[in-house]
Structure formats: structure tokens, C-alpha cells
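Here come two complexes built around chain A, the first alongside chain B, the second alongside chain C.
Our next item is the complex of A and B:
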């Protein structure tokens, strides 16, 4: 256990010190990839908060898009700082989450059917963004209005290191939330609900309340991730921030890494982003679609042969020995 | 078929004219009976006679088509299962439904934490869960997964989980079929201890009559969704209607 702690400390120190390591011409690119990994890991972790309990959402793009577009539109049209815009976005996302979760819970829409409902919600948000093109720029997307100079109010910085540290903090925050949920009695309640709603209700668990709570938490964190991504890229687009494509990418990354383990979403996200980058560099613009094909094939292979994910499987293998101790959640 | 009057106990549960229809099928037809505080009431009947449906209605898993279920002064019909649990009614399931992703202790602790009328701390819930595991005889491997338990162990876990919610009335859908005779005797003994030590009133469902008859104070017999007999075990066992319902199987009392 203490060896694990040392490992975590070393890893964190390395991540904090990374910006001071000379990287030559690769600097901007490496930061760009790392920031993406942190932000999408955070989003994947938010998704896994629900996914691990059998609430497999195939429409988290809805929350991502709602968050990103709300802050961007409020800034572009009303000059409202993204800090306050994010608050508005969080409230709206929470409301959308309740609108999705409440009827699903009341009418026992679970499993595949829940997936299909969320899939539709994700598409509805994407189509709304495209339809409201006077505001949102439609499928062409929308550039975040430049503030001119580095500005904390506008959350715009020329130096990638600012975003790097912000993304690192965000990622750590996501892990902390995941850990807190994992350690709480609420996790037991959610596991119980995920397995058998009738039995869970019979021991006094308020099924609807728990489902709404975990959906709102997951959706709000996802929206925050979307806002962070939009502020960093300074451009929002309905296809990268809403709809089926991005929703499934989140799911695939988490399933690949392992949705039941703290670092599963991070490992999965890092691997998929790295893989996508490698394939992009190798194939470039020759053989259009080849990168996606290989990406898809690898995912299928992983999902079939490592159902609890790469990280989850490795961890389970390492953990096989000690069984007398109470199954305390491993501190990474 | 009542006829007899017990001691003037407080009436804990009063079921009046309870009817449950599934489409055109009437699973329960105007069933009325009451449960007195401190007794063990046996609820028997052949397979498909409506015993489990009755439990589902009382515990809130199903909404009655008509009729009333009163717990003390509180009407239960239409309340949600978690609300009914908080009022002090716990139930077990005929086929054990453990939470497989939780350990044995977690299964019981989650019930102790969320099932109690007043929410206690998580540590307190775990402590209570251990205590109850001790009572039912499962305290040896609290951190093991539930897959370690056999049929008898799962029944005990089912019971422990229900007891952890701190009920005043326990609906035990026991159905001991599948257990050997010593396990059956143990289960019967356990129910007696639950009444004696925890002062919990019990409604016990079973379709193997012999074991049940030795333990319960009174019996209610259901057949095709209707109450056909009610009374002391010995009287009920002699009742021709009951004998007929069980296809002539005569119950031998010890």
C-alpha cells in the first residue's frame, strides 16, 4: 500500500514538474496532447460515475455540448465571464439531467433502453445546436470571441502551461470525486440499485432519488469538462461536443481502460488519444478512414477479451493474492 | 373462518378486502386478516395461491387493485417500498436476491444504513450489520463475496438484510424447499429467536406445512387468491377445505 503511495507521489511530482522539462520543438504538441488527455479523462471519469452502476449513457455529448455552448454563447453575446457562464451552464445541465433521469427512473427504463434514450438526447442537443444556426453557427461551429490579451476574466491564455495546470487540477478533482463516491455508502446503494431495483427499494433505498443524484453529478462534471475543453480550444462545434460521435468516444475510452477502477478512465483515454494520434501521423491523409477502422477493430478486440478494461484487468491480476484484508478500495 | 379470539393484543397489521388483479387474472380476491403484535402468523397455501403477491402488496412492490392495508393507523396501499421499509416493515424474497457486487457485510450494512427510520452514521451501520450477521450465524466471513454462500447461507443473508432495517414487522418469504431437514429446523428456530430476542412480529410464508405448523401461533390459508381458513395450526390442519386445497396431503403434526 505504501509502495503505491510513493508511486502516486512520484507520478504527481513528474506531472507538476513537466512544464519545466526542456522539450524543444515538441513542446506545444506534447502539452496539447497532455491537456486533451487530462480533460477527456476527467469527462470519462464523470461518465463512469454512472456507467459503473449500470446506467450506461450513450448521450453524454448532450451535457458536454450544453455546458460548452452555454458558456461560449453567454461570453460571445453578452460578455459574461465564463466563470459565471459555467454556473449557468451547470444549472442548465443539472436541469437536463433531472429531465432525463426522472422519467427513466419512474418508468424503469434501464439497461439497453436507458442507453437508447440517452443516445436520442445526445442527438437532440446536437440537432438543436445545428438548427439554431443564427446563434450557434450551426454545423460550422463557433469561435470563442478573443479577449485580445491574456485574461483571467475571459479564461483565455496564450501560454499552454496555464491550461496544462488547470487541466491537471481538474483531472485530480475528478479522481477525488470518484474516490469519495467509491468510499461512501452511496456506492453500495447504487450497486444495489444497479443489480436489483426491487430488492434495493425493499431495504429502504430511494431508487429514484439516487439515480437522479448520480446522473446530475455525472452530467454536471461532464459539462464542466466540456467548458474546460471549449475554453482551451477556443472553438465549439456540434460534432466534437455533442451527438453520437463524441458520446461513444467517451464510452469507448472508459470501457477500454476499465470503468470500475479509479484510474481506468484515465488509462483508457490516454490510450485512445495516443492511438488516434499515432494512426493520424502514420496514415495522414492517405487511406482516408484507415485510422478509424484500425481504431474500431482494436476497440472491439479489447472489449471482447478484456471486459473489465486494460487497467481493471491488470489491477485485478495484481490484487489476486491478498484476500483476508477487508476489500478496501486501493489508493491507486 | 376465524371463530377464535386471541388475547387482546395490539393489532399491528390489518388487511381488509385486499384485491390484486393482473389484467383478467385475479391473484388476490378480497383477502382480509390481521396480524397481532408479537405473534408469528403462518401464511400457507399451495403454489400460486397468492402468498407472494400478498407480500408484494404489503411491502409496496405491487400496488393493490383495491382494499386497504393498515400498519397501526397508517394506510400502506400506494406507498413506495422504501417508505414502507422506513415505517418498520421488512421483507425477504422467496428466491434470495443478494447484491452480488457487494460483500456479505456490505449487503447488510447498506440495509442498516438506508433502511432505518432514522439515518445513522456509516460506521454505526457497519457495526449493526456485524451484530445481525452474528445473530443469523454468518459472522465468520463478513468480507467475503456473496458467491461464497450456499442456498442456506443466502437465506440467512436475506434474513439478515431484512432485519438490519430495524423492522417491527417481518414478512419472511421463507420457502425452505431445497434445504435439508436440519437446516429447516435451524431456520424455524431462528425465526422464533427473532421474535423472542428482537421482539419482531413475523408473518411467515411457506408451502411445506409441517415445519411451519410447529412454530406459528396462528395460520391463514390462501387458495386461488382467497382466504379459505384461519385459526390455530391444529384446527387448520384438520379443516377439510385445507386438506382439499393441498390435494389430500394430510399434515402430520409432531
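Our next item is the complex of A and C:
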């Protein structure tokens, strides 16, 4: 375990020191990719908080979009700083999460049905954003109003390094929340609920309360991720921040990495973003759609051949080896 | 105040759209009922078949009915391909993985269509008349599509009732384990079901291409709606899906005239969410 700790320390030090490494002309691009990986890993981790307990949401775009649009609209129309806007957004997202989660757990909507209900919620948010086009710009999206100069109040900075550190902190925060949930009593309770709700209730677990709590936590973190992404990109669009497309992308990245491991969502997100970037660079704009085509094909192949995710499979392989050695003398 | 004629026209259009939606929902529901997997990419298969009809009819000048038959055949082949290549290796996997595998297919089909045919909207231009009745204007193409959809659904009903394989399909959807004990081969049933489901997608494609233009994101427009109809009717419940298709299409059609297209969908989806809470097993579920 100590070797693992050292490895983590080195990795963290490298990530913190990265902005001071000379990278020449690639600097902006590399930071752009890294920031995206951190933010989407954070969002993936937030999704996995629910997903690992069998609450497979196909509509996290709803929370993402609600968060991003709330802060952006409040800033654009009322000049409210995104810091306070984020507070409003978090409250709204938590409310939406309760509105979805309470009836879902009350009426035992689970499995396929839970997935499809959340999918509908995601589509409702996307369509509402498009329908209110006088405010939101409809499907054309909306640019975050520029503050003119670097401003902490507006959370706008010309230097990508500021966003890099912010995204790194956000990502670490997400891992910490995951770790806390993983070590808590709530985890055992949620696992019991995921296995069999009736049995869990019969041993005194308050099913509804736990489900609502984990959904609200997951939704709020997702909204924070959406706000961070909107502030960084300075542009919001209903198709990239709400609806079925982005919701499925989040789930994909997490399942690809492995949703039962701390770093699973990060590994999956890093791989999907890296893959998308490589394909985009290789095919450029000459073959529109080719990059995404290969992306889709690889996702199918990965899911068929690595059902427990890349990180999960690799970790299982590594764990199996040391265990098989001490077992050998016993049988001999 | 909206002219009652417009409302009546919207109601009739909703009814006509409902026929095609019901066909889609039945195809998806058949597959779900038997194989227990929701094909997220089902409407994207329809999109591929729509392109096939477009190219055969509009570009190569085939008559529409041959193009439609080709679309049915292509749909059946695609259905078998999806089952053999993607579904059967992961039949034992976690439900999330099964859902996501067909979700990957959705990304693949959408972007491959973008790559091959760009994002242009393409439509088959048939010179079909518009009918006028009491001040309402009705498209003849929609009437034809509605009638064909009803006939095909009747055919599906007879197929499931009166053929050996149809009976086997119904048996599997009722009890998977008992079916294998009775000596029937579930694998054959799965492949036939996928082929029938795919063929229904092909029929729907032929009926949709004469009303709407096709583009790579056609599946994204109709896909979520189709799942919701299936769930609203009760997953695996054919009659429920049939009725639910008409309810949803009426809401969308009338809501679209009274407010806006998006609001029509929003209302339909919100009603769907509420209905799931009130009647989780679908419209016609018997309370356990």
C-alpha cells in the first residue's frame, strides 16, 4: 500500500507542477484537454455515486444543464456573480433531484424504468431550454457575457492555468467525496438497497431517505461540474449540456473505466476524451463523422469484451496474481 | 383563441402519426418482451432504412413499393446483425452494459450516417394530393401510412397468434426458463424476434420517409418518444403500447398547435413521468 501512496504522491506533484513545464506551442491545447478530463471525470464520479448502487440514471444531462444555464442566465441578465449563481443553481438542482428521486423511491421505480424516467427528465430539460429561446438562445446556445478583463467576480480568466488549477481542485474534491461515501455506513445501506429493497427495508434501512440523499448529492455535484464547464468554455448549448447525448456520454465514460473503483470514472473519461481528441486530430474536418463512428464502434467492442471496465479489469488482474502465489504451497 | 378547425386538424394528424408510432413501439416492445433488452438504437435502424428508401426511390428511381419492400428486408437483416453481433455476446451481462452496447450502436449509426451522407435533410418527393375535408387539410401520404401501419400491426397480431414461431415468441416473453424446458430453442426465437423487430423498423422507415425528411439525427428526435410509449404501455405489453402511442401522439400534435413543438414534447414527457409514478406497470397493468 505504501508503494501505492508514493505513486499517488508523485502523480499529484506532477499534476500540480505541470503548468511550469515548458511545452512550447502545445501548451494551450494540452491544458484544454487536461481541464476537460478533470471536469468530466468529476461529473462522471458524481454519476457513479448513484450508478454503483444500481441507480442507473440516463438523464444526468438534466442536472448538468440546469446548473450551467442557471448561472449563465443569472450572470448574463442580472449580472449576478457565478459564485452566487452557483448557489442558486445548486438549490434548484437539489430541488429537481428530490422531485425525481422521491416518487421514484416511493413507488419503487428501479432498473430499466428508473433509466427511462431519468432519460425523460433529461429530455424535458433540454426541450424546455430550446422552447424558452427568447432567454436561452434555443438550440443555438448562449455565450457567457464577457467581463472584459480577468475577473474573479465573473470567474473569467484569459490564462488557462487558473482553470487548470481550479479543475484539479474540483477533481480532487470529487475523489474525496467518493472516498467518504465509500467508507461510510451509507455505502453498506445503499448496497443492501441495490441488492434487494424489500430485504433492506426489513432490516431497518430507511430506503427512501438514503436514495434521495445519494441522488441529491450526485445531482448537485453534477450541476457544479456543469457550471465549471460552462465557465471554462464560456458557452452553453442544450445539446452539449442536456438531453440524451451528453447523459449517455457520461455513463459511457464511467462504465468504460469501471464504476466501482475510485479512479474508474477518471480512467474512463481520460480515455474517451483522449480517444476523441486523437480521432479528431487524425481525421480533422476532411471526414466529418469518422472520428465519432470509430468512437461508437470502440465503445461497443469495449463493452462486449471488458464488461467490468478497463480500470476494474486491470485491477482484478493485478490483484489476482499476488494472491495465487501464497495459495500454491497449501495445495502442494 | 385557436380556431377549432386547427385543433381538429391537429387531432387528426395526431391520430395518423399515432399509427406509425404504434408500429415503432410494437417493434421495440416485441424485442424487449422476448430478449429483455431495450434497443436504444432502434429508431436509428429506422433512420438507416429511411436512407435506403431515399436512395432507391429518389436517386435510382425505383418505384416506392419496391423501395419499401427492400427497406423491410434491410430492416430484418439489420435486426439479425444487431442481435448476432452485439446482443448475443452480452446476454448474460449487467443490464447497464446491455443498454450501453446498443447506446454505442446509436453513436456509431448516427456518426456513420453523418460521415456517409452529411447532415443534409433528404426527402422522397412523391406527388400525393392533399385532401380537404370540412376546412381541414390532410396529407394523403399520412393517411396511407396510417392505413399501412394498421394493416402491418394486424399482420403481426396474426403472426404471433397463428404460427408456430409466433406462439414460441409469446411463450418466451411469458416465461423464459419454462420455454427452454418445453424443448423449444430460445436462440432461434431470439433471432426470429430480432428479424421481425427489424422488419417492423423497415416498414416504419418506408412510412416515415413519405412524411418526413431523413437526417442522421432522426433517431434522436423519435427515439426517446418511442421508449416512453413502450414504458407507458407497459414494457412487453403490445396492446398497452398501441394505446399509449395514440395518447402520446395526440398530446404532441395538439400541444404543438396550442403552444410550440417543443412544449408539446415537454407536456408528453411530463405526463409520461407522472404516469410512471401512478401506474408503474403501464396503463393496463393489473395491480399486484
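Here is the rule we go by: the second predicted complex is superposed on the first by the 320 of 332 C-alpha atoms of A that agree within 3 Å, B and C clash if a C-alpha of one lies under 4 Å from a C-alpha of the other, contacts with A are read in each partner's own complex, and residues count from 1 in each chain.
Note that in this section contacts are C-beta pairs under 8 Å (C-beta built on N, C-alpha and C of every residue); 3 or more make two chains touch, one makes a residue touch a chain.
What you are looking at is a predicted structure, and each value in this text was computed from that prediction instead of being measured.
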Which partner, chain B or chain C, touches more chain A residues: C
Which of chain B and chain C A:147 touches, first, second, both or neither: neither
Touched partner set for A:88, first chain B, second chain C, both or neither: neither
Touching partner for A:185 - first (chain B), second (chain C), both, neither: first
Touched partner set for A:207, first chain B, second chain C, both or neither: first
Chain B versus chain C as contact partner of A:303, first or second or both or neither: second
Partner chain(s) touched by A:198 [first = chain B, second = chain C, both, neither]: first
Common interface positions of chain A, toward chain B and toward chain C: none
Residue ranges of chain C in contact with chain A within the complex: 38, 40, 86, 89-90, 93-97, 99-101, 103-116, 118, 216, 220, 223-224, 227-228, 231, 235, 259-260, 262-263, 265-266, 269-270, 272-273, 276-277, 280
Residue numbers on chain A that touch chain C, as the complex places them: 51, 56, 58, 103-104, 106-109, 111-113, 115-117, 119-121, 123-124, 127-128, 130-131, 244-245, 248, 251-252, 255, 287-293, 295-297, 299-300, 303-304, 307
Residues of chain B that touch chain A when the two form their complex: 59-61, 80-82, 85-86, 90-91, 93, 97, 99-103, 106, 109-111, 113-116, 122, 125, 143, 161-162, 164-165
Residue ranges of chain A touching chain B (in the complex, touch as defined): 184-185, 188-189, 191-192, 194-196, 198-207, 325-327
